[in-house]
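Each chain carries a letter (A, B, C, D, E and F) given by its place in the written order, and its residues are counted from 1.
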Amino acid sequence: MKFGIVVNEGPYQHQASDSAYLFCKAAIEKGHEVWRVFFYHDGVNNATRLTEPPQDDRNIVSRWSKLAEEHKVDLVVCVAAALRRGIRDENLAPGFRISGLGQLVEAGIQTDRLVVFGD
Amino acid sequence: MKFGIVVNEGPYQHQASDSAYLFCKAAIEKGHEVWRVFFYHDGVNNATRLTEPPQDDRNIVSRWSKLAEEHKVDLVVCVAAALRRGIRDENLAPGFRISGLGQLVEAGIQTDRLVVFGD
Amino acid sequence: MSDIKKFLFVNRKPPYGTIYALEALEVVLISAAFDQDVSLAFLDDGVYQLKKGQQTKGIETKNFSPTYRALEGYDVEKLYVEKESLAARGLTEDDLLVDVTVLSSEEMGNLMDQQDVVLSF
Amino acid sequence: MSDIKKFLFVNRKPPYGTIYALEALEVVLISAAFDQDVSLAFLDDGVYQLKKGQQTKGIETKNFSPTYRALEGYDVEKLYVEKESLAARGLTEDDLLVDVTVLSSEEMGNLMDQQDVVLSF
Amino acid sequence: MLHIINKSPLGNVSLDSCLRVAKSGEILLIEDAVYAATRGNAFEARISEALGRLKIHVLLPDLEARGLADRLMDGISKVDYGGFVDLVAANKNCQSWL
Amino acid sequence: MLHIINKSPLGNVSLDSCLRVAKSGEILLIEDAVYAATRGNAFEARISEALGRLKIHVLLPDLEARGLADRLMDGISKVDYGGFVDLVAANKNCQSWL
């Protein structure tokens, strides 16, 4: 089955990004496809390459980058939400791309299920 | 009177930063001193110089920078919270400085009133 | 016609305290360009988004409530409001800045069941 | 001694769903170095922060609950829990991983009144 | 002391908890908490009861933003941001019920 | 359909609203909503009543994280993240009550 995922909150502040990541991992392990993860609202903050969490904590951003690399997951950051919050190409982590809100609607159309994670 | 302010949420997503700013402006207009604004949790995201809100919207980050410049308000970003969320000197807006959590406790000690804005 | 899906945007948060209402509206506007079957649902504090008479000058924030009135021009015409949510807030249809269809809780539940994609913010 | 202020850290949110509990604890630890009169209050879902037996491996997140037990070593010893909040969650003092003083709602209100600085997250 | 509330009473428990704990003092409703100050909402009885022992204020710019300035309950006073500052200054301490 | 809830029922109105609107289908409690699945909490009666018409599941890793795996109410089933995926796949659509 083809899944689309929406992440509405930034890393660390809310569990939304963690839950979304663990859902994606489980879906892939079960043989499903994660067609796109769309980062909206403060979710765009998951895409900054400048985070440096404590050594004993998970690295939420690089975990997403790795998922994109290993499983060809399309990580899309909403451009309008990103501009409001200071995410641009110059601080974008690997595996993410910035694009329009149409990519969210398209995910709704093209996938079998769209699951939203937020606050 | 000497005020200390704490901002726990990032710009745009929550009203916290707006309320804190309008409170500071009103306090200064009334002849009070805003001794320090401490940005904690997602509040550190107020300090990114990379935001670019729509033309017809307020610019929350530059509003803080201007307040710091015109009224010598000390804008302090928590270093631990900032590292988790990707705020560093390289994307820090003018008027903000990154420092330790002790600056928050110090604000509690040195000011007459500490007011917290968050979610 | 197999590409047309039923999209429901569920609004449960009040405006201005958080950005969800505003950014939800931005998605709704974009979705209109995709020729899908789009509906909006307002329940709980989300019904406050449609309150007439919003004046945001004092909080130095843009008043985006006129956009709800513009939705019709984008062929987004199905706006549903839960009756119980209105009543709990002392509001009636006359308080709202657009024409809506008022549904009971059960009807709202049925509407949700019928969708292909439900987006909430 | 005029530099000593009464600081109260109010915890009303559950752990893990958001970072507030963890980052509040980080401020508490720092405050210990400033020789102030520090108290912690737990009410509403904040009492869940002190629940014994937290096992976070399955959510790949650090279990920070042992830190509450370490507070004593930093001379942070005044932990207050509201009785009504515990009861509403089916919890008793035996469920908590540290020794606390249980207060009625009214006593909690009085405790808040007596503070110089109240920090909430 | 001054209790600052910023959440709608019909969405979140903050105001309800504050009313349980605070036996006296002042409350300021800001942001989404201003809905609690409006006539006809389901929380109105709790507010009326609390007005007997607490002074309740509402931040007018937030109430206006939400289109409800003409629905303010009797017994609740309006303040602007300057009045917010005065309330903080006039009380010995303040707490935000986030 | 599958209703996904992530808020504590004693802090936020989400679960209460979902139970008002959803007359049938399935509910999955994740993140801070797992507290709703525990014995002895003030929301227990509402859950018991809902179990007659809705299937309710809880995300076990979230319940374990919060130290409450031994308090699970009867009638609520435990799932891991794989089970979460299965629930989404098995239902025609899903909604997150944020």
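Quick note on the criterion: a residue touches a chain if its C-beta (ideal position, glycine included) is under 8 Å from a C-beta of that chain, and two chains touch if they have at least 3 such contacts.
On a predicted model such as this, the values are computed, not experimentally measured, just so you know.
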If a chain touches chain C and chain F alike, it appears here: A, E
Separation of mean Cα positions, chain D and chain B [Å, integer]: 25
Cα-centroid distance, chain C relative to chain D, in whole angstrom: 39
Rounded Å distance between chain C and chain E, as computed from the means of their C-alpha atoms: 27
Shared interface positions of chain F, touching two or more other chains: 6, 10-11, 13, 31-32, 61, 80, 93-96, 98
Per-residue multi-chain contacts in chain B, two or more chains: 8, 12-13, 15, 22, 41, 57, 80, 116, 118-119
Sites on chain D at which at least two other chains make contact: 13, 16-20, 44, 59, 61, 116-118, 120-121
Every chain pair in contact, whichever chains are involved: A-B, A-C, A-D, A-F, B-C, B-D, B-E, C-E, C-F, D-E, D-F, E-F
Chain D partner contacts - residues on chain E that touch it in the complex: 1, 13-14, 17, 20-23, 25, 93-98
Partner chain D, residues of chain B touching it in the complex: 6, 8, 40-41, 80-81, 100-102, 104-106, 108-109, 114, 116, 118
Touching residues on chain C, where the partner in the complex is chain B: 16-19, 59-62
Residue ranges of chain E in contact with chain B within the complex: 4, 6, 30-32, 61, 80-82, 84-86, 88-89, 93-96, 98
Residue ranges of chain D touching chain B (in the complex, touch as defined): 3, 5, 7, 19-20, 23, 26-27, 30-31, 33-34, 36, 116-121
